[in-house]
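Going by the order they are written in, the chains are A, B, C, D, E and F; count residues from 1 in each one.
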């Protein structure tokens, strides 16, 4: 199956913190090389610099929701490799994806 | 505080699987050297032989609820270091403890 | 594009309802169509007619009503998940011999087939759990 | 010994209610006293009067009623957690201008102080979440 | 137990249902299986992926739980009646729990390596996760 | 920021409330803090232990969330009014999240090493966990 050309790009939504839940492992296991990951709700705790090792290898494809970072006081504590988007950007990410898969 | 003599024995209840939740780390961090741990509900998945590394160092103090193992078909798959008790034994464990602390 | 949302998280317990409503508003602001919100698992409690939160907190059911009033969004609640949790419309209440009901329009009790249809018949389904 | 239970998990969503009822029966069988079950977080939904599960599944509210009928166990529901989730007794329903109510005796709406009291005034408190 | 046949695995499908939760502890697994069954009953092309704790759904010897609480085994038994034939299990999730193909016997399933799990999420046009 | 004073830390207490959940994502943190406040208002000797994700409750700069959803910062501000003076934070939970004593400034807290966390759960006669 590996060598089949597939242009499908999925957006994955993660709303659990990698510090408390292992669901991020299932996400990584299901992500294709072009897929994107957006952290929302408690998932944004995974955007902390100290969480970098959990979500490594997603440069340019790892996003976090600005509103959820701000409400938690985390805006200034993010890893530089995380791309911050607001809820309008969240909608835009879903538009661009073939489909969106939620993990919780 | 380490050297204070303390005869308090707590029973800890864990109802989340260590394969999916990291709350077991918080339990281990709060357990005294005489404290006991009882796995219930999805926590009994931590009684699998393959989960031994998550809950190491609790020989003689690690219990799992028989009814929850049986309903999941896990009775024959447990680590030998886990002591299986039924719900009557669960009550007995709470009787013997100074207090019971639930983790979820 | 045509969107559907699935809401599985309980109101006032999980952030899911708040997130879904916020997303719904952004969706409409970008000119999309939101055809369906399907409530399943503890999400069905969003439809509770008797919900009475403190005045300084958002009234989630009223927010869903506001969303439905804006356009063509249907608020569908899984009937099997709802009945066991105590959410009955007038018809189900009568059928179960209850004197009152706890769910009413614009929320509608529907089968799980509507979730499948919402998933397959829209361009996007986004789940909040 | 004197026990109290705290139930935080929602019925039919988490195993907590099942576990708590099973534990309560074993407790009484060993000759202990169960003074209080306190419902908080999504546990408050255990008190929903309209709960209508399929006939081949346990009716959790009826099981709590059966427990209360056996002895001196009080079924206390946190009023703040209950109101926002749509569980109102007759008095609260009237106060909020609702025509019907969704919680009734032997369940009683109480303050969170009763959880503190149940924790401190019994020999053991066991939490199911 | 299925043998991984690339052609079969890669066939496009309409709806993939991902099951990540264990039986009994919560209702997620049952609710996910019920969604899959309804889709199949409506004649949709459904696939099931058991991953994370969901792989435990496939163990033999499950029973009713406290107060007669239902597990998921009766739903699995019903699945074949509903023509849900594309059932997959994540090899990594099995291995982490010390399980092998021989342990997951309640359904005929195809065991998928990482790359195949990815391909699976791409060849179905819609996904519901539980 | 408190200095660990063994005498103070070891004082027996009536009720320890353990807070393990982050603000906003669920109501656990608020519900735990409300239980602690009620106990204090009733004149009980209450202690708070922030551990796991609960340490994030102590970060400055929190705001209302989606639709004006309340976080926990207003409850923390109220705690001091209610004479809840024994507030502890788990050093291991802080460290794992890359945080230090300087980051947890919403409340005066005492940072506890592992052995002190254990001692804390032993010197209070009752525990509620959230």
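Convention: a contact is a pair of C-beta atoms (placed from the backbone, for glycine too) under 8 Å apart; a residue touches a chain by one contact, two chains touch by 3 or more.
Computed from a prediction, not measured in an experiment: that's the story for all the values here.
Chains touching both subunit B and subunit F: A, D. Steps from subunit B to subunit E, minimised over paths through touching chains, total 1.
Using the mean of the Cα atoms as each chain's centre, the chain most removed from subunit F is E. Taking the mean Cα position of each chain as its centre, D sits at the greatest distance from subunit A. Averaging C-alpha coordinates per chain places the centre of subunit C 35 Å away from that of subunit F.
In this assembly, the C-alpha centroid of subunit A lies 25 Å from the C-alpha centroid of subunit E. One finds 27 Å separating the Cα centroids of subunit C and subunit E.
The set of subunit A residues touching two or more other chains comprises 15, 19-20, 22-23, 41-42, 67, 99, 102, 104. Among the residues of subunit F, those touching two or more other chains are numbered 24-27, 52, 65-66, 69, 125-126, 129. Residues of subunit C found to touch two or more other chains are 12-13, 15, 19, 22, 41, 57, 80, 125, 127. Pairwise chain contacts in this structure: A-B, A-C, A-E, A-F, B-D, B-E, B-F, C-D, C-E, C-F, D-E, D-F. Here subunit D touches subunit E in the complex through residues 12-15, 18-19, 21-22, 56-58, 60, 63, going by the rule given at the top.
Residues of subunit B that touch subunit F in their complex: 1-2, 4, 6, 8, 10, 22-23, 25-26, 29-32, 98-99, 101-104.
Per the touch definition, subunit A reaches subunit F in the complex via residues 15, 17, 19-20, 41-42, 45, 48-51, 67-68, 70-77. By the touch criterion given at the top, residues 14-15, 27-28, 31, 34-35, 38-39, 41-42, 44, 125-126, 128-129 of subunit F touch subunit D in their complex. Only residues 10-13, 41-42, 45, 48-54, 57, 80, 83-88, 92-93, 96, 98-102 of subunit C touch subunit D when the two sit together in their complex.
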